[in-house]
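In what follows, subunit A forms one complex with subunit B and a second complex with subunit C.
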Partner chain A sequence: MDKALYIESFVRINNHALFYDNKKIALNNFETLEEKLKFLYKNQNIQYPKFYKMDVLSKAGFIAVEYLQAKLEASSNTSLLFANQTASLQTDILYQEGINNRNNYVPSPSLFVYTLPNIVMGEICIKHKLTGENIFLVFEDFNTKLIIENIILQFKLNKADKLVFCWLEVFDNKLDVLNCIISTQKTEKTPLLNHENLNTIYHYGRNN
Partner chain B sequence: MNKQVFLQTYNAACALGLNSNNIFAALKQNKTGIKNYSFQFEEEKQIPLGKFPTNSFKQSNEVVDFNALSLHYISQICKESHVDLKNKDNLLILATTKGNIHALHSKPENAPLHKTLQFLETKLKLANKPYIISNACISGMEALIHAHDLVKAGLYKQVVVCAADVLSPFVISGFNVLQAMDYTMCKPYDANRKGVNLGEACAVAIVSEQESEIEILGGNTSNDANHISGPSRDGSGLALAINKTLEQTQVKSIDLINAHGTATLFNDEMECKAFSSLQMQDIPLNSLKAYVGHTLGAAGLLEIILCAEMMKNNLGIQSLQYEENGLSQPLNILEKNLSFPIKTLLKTASGFGGCNAALILQKNG
Partner chain C sequence: MEEIIEKLKKDLIEHLNLEDLSPNDIDNEAPLFGDGLGLDSIDALEIIVLLERNYGIKIKDQETGKEAMKSINSLATFIKNNQ
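Coming up: the complex of A and B.
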């Protein structure tokens, strides 16, 4: 028997703005991803110095979760399902630059750790004490069929009572982030998780 | 949901051979596939690596072509088992940490993981979009667990899983700079262990409801929520994954544990804490890393396949390179091959990002 699933809360970030709970934070004044993310960090008064050590993928995912209005409680039954197109490519390229030249051979241990896309989930799990299921998927593009199928799977097999989904595409100065909390709890504000609603929030803010 | 899910068929390639029969034959003889190779860091050094035994897949002199390797083994297993990926009830999923990353060096447009997906779609006819699980060193296990879950939930009838990683300067230099490598043979659980030996592998499996000798009862992942590149000190994350799997599968006893056993100081110690906390310290246990190296994204699935072989043969393989206990809470590590009935097996893995995976296999009937 399939439980109905709801989008309890979401955050959408693109190069122009961060959208959450009917609010919009403009990012147009900043040029680079690092500048945008640093601004968002300070704007929310987060107080988590480890943020500054993270690579750009982890910073983006971390920030998205911090702006969620439905707060995450410590749990072993909250699953994380993160996905994107380029995995950790942004940081992979930076790391590769350090080993290309034998005469200037400077592989960076701190960069190398972030050449795995699932590290962002690790960072979020540490901050919010989430010890449940976690999986990082690479798709060809934002695909609502694959996303919904994979989210449903976690609930169908009772592996979670709540799920943090994040489409986290961060590459080549492009920010394309959609972060949702999915749960079985319905309130008057929470839309059903389906293709139409997921597409609507993904395209949210396109014309704003 | 009372569906039973089975490991219908499988194959693998690694330092010990290009098919799983040859690999297991070498395991029975306790032969290692790890050898010293010259590697260029800032200066040249000899390091132990688990490289493929032939040049079958190599393009450049150094690095195996990841896309060609995956395509070969996926095509072969589908052909031999008559599994048609054009059928909408069938799905292909991959598992890897770095895929074709070596292409960054010369042809960067081919490096991204989604390009591998595009490559496979042009070469194979697929009814469903394939995707990749990239979750550090648990990727291979996670993919098999995921395939089990997809079939159990009735979403697909047959899932083809391909887990692979190839040795490259990118990966070798990285483990070196983290000081996680042993420059001699790795020694899982041993008092003198110093780190990993890296390896490469490609493992393929087909998961379905079709009855076969090895049933996949189920698996779970967890997160330590402690540190991004070191495991938790108390093993509670791994213990949680194991406990969830025991609860889910209702298994009462385990005959053999094949653990992650990478031979780093921290990983192996974390495992002994996890297993001891669950009163599993007396169950026969081994690590396969000293035979084939740490094959990263492929490791979980390659080792599951070798576990299936151990079960079919009722033969627990010696945990190679273990001589003197190096754990604060000793485990029952196999110091030589042991013939005994293996009906139920627990497989575990852990990885960067604080992730852990546990899976239980059982002989059918």
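Coming up: the complex of A and C.
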């Protein structure tokens, strides 16, 4: 029988706000994704200059983890499972624009390294010294069935005693991010990982 | 030479996304990589692209690049000698 899994902590980010620990940080005053993410970085007093070199996908994933209230500790048993619809398409397009014109050919190495969506997990693992499994999946949409099946598999295969799940859809000036820590530890405040609860936190803040 | 150094620092700050730094924060003699400015191998590739695009200079081999990129002063000297 599968172990029960619980949502230990979550962060939800959309174009209007970041929600964490019953708090809300409004983002309506900022126009671009870059501006919103830079504001969130400075708001948390993070000192990590590498942040400015990341692409928007990595910045968004990095920020989502930094706002988690259940902090990550260096571990070989914390897995990462990230997913989205558009992979690294935002950065792929930017890179392509740089090399389209043969008369103004600008292949940027620092952009090129982000033309794979899984790099965001590398950035997070480096910062938090996580050496467990990680996987980036591309789905048609936020599919709770597929997400939960894949999370359960990580625990079933003993690849994790804790897992960072992140739905990280960042494309065309749209932020749609849900980041949670999943574990086998039950407390009063930790809801069970199931379709209903995952959908509830995904839609958190929609009407706020 | 002062002009080259000043322009170089501004170019590096913009091109390498060194957002929280101003030209005055960068020590001309400090190492660019590791300690000092703390740049990495991707930054090295970006500097090569920057030299070609903004200064019209191609780095021909690894040794030349390594010597040139020791510090702001060595990079500025390299630019002055190759423009």
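Convention: the second predicted complex is superposed on the first by the 208 of 208 C-alpha atoms of A that agree within 3 Å, B and C clash if a C-alpha of one lies under 4 Å from a C-alpha of the other, contacts with A are read in each partner's own complex, and residues count from 1 in each chain.
The criterion applied here is as follows: a contact is a pair of C-beta atoms (placed from the backbone, for glycine too) under 8 Å apart; a residue touches a chain by one contact, two chains touch by 3 or more.
If you're wondering where the values come from, they're calculated on a predicted model, not measured in any experiment.
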Subunit B versus subunit C as contact partner of A:192, first or second or both or neither: neither
Subunit C versus subunit B, contacts on subunit A by residue: B
First, second, both or neither for A:26, with subunit B first and subunit C second: neither
Which of subunit B and subunit C A:130 touches, first, second, both or neither: first
Touching partner for A:107 - first (subunit B), second (subunit C), both, neither: both
Contacts of A:4 with subunit B and subunit C, given as first, second, both or neither: neither
Touched partner set for A:52, first subunit B, second subunit C, both or neither: second
Which of subunit B and subunit C A:89 touches, first, second, both or neither: first
Touching both subunit B and subunit C, residues of subunit A: 107-109, 113
For the subunit B and subunit A complex, residues of the former touching the latter: 1, 40-42, 97-98, 101, 104-105, 108, 111-114, 117-118, 129, 131-136, 142, 146, 149-150, 152-153, 155, 169-170, 173-174, 176-178, 220-229, 236-237, 240, 244, 351-355
For the subunit C and subunit A complex, residues of the former touching the latter: 16-20, 38, 42-43, 45-46, 49, 53
Contact footprint of subunit C on subunit A as seen in their complex: 49, 52-53, 106-110, 113
Residues of subunit A touching subunit B in the complex: 76, 80, 85-87, 89, 92-93, 95-96, 99-100, 102, 105, 107-109, 112-113, 115-119, 121-123, 125-126, 128-141, 143, 145-146, 149, 152-153, 156-157, 159
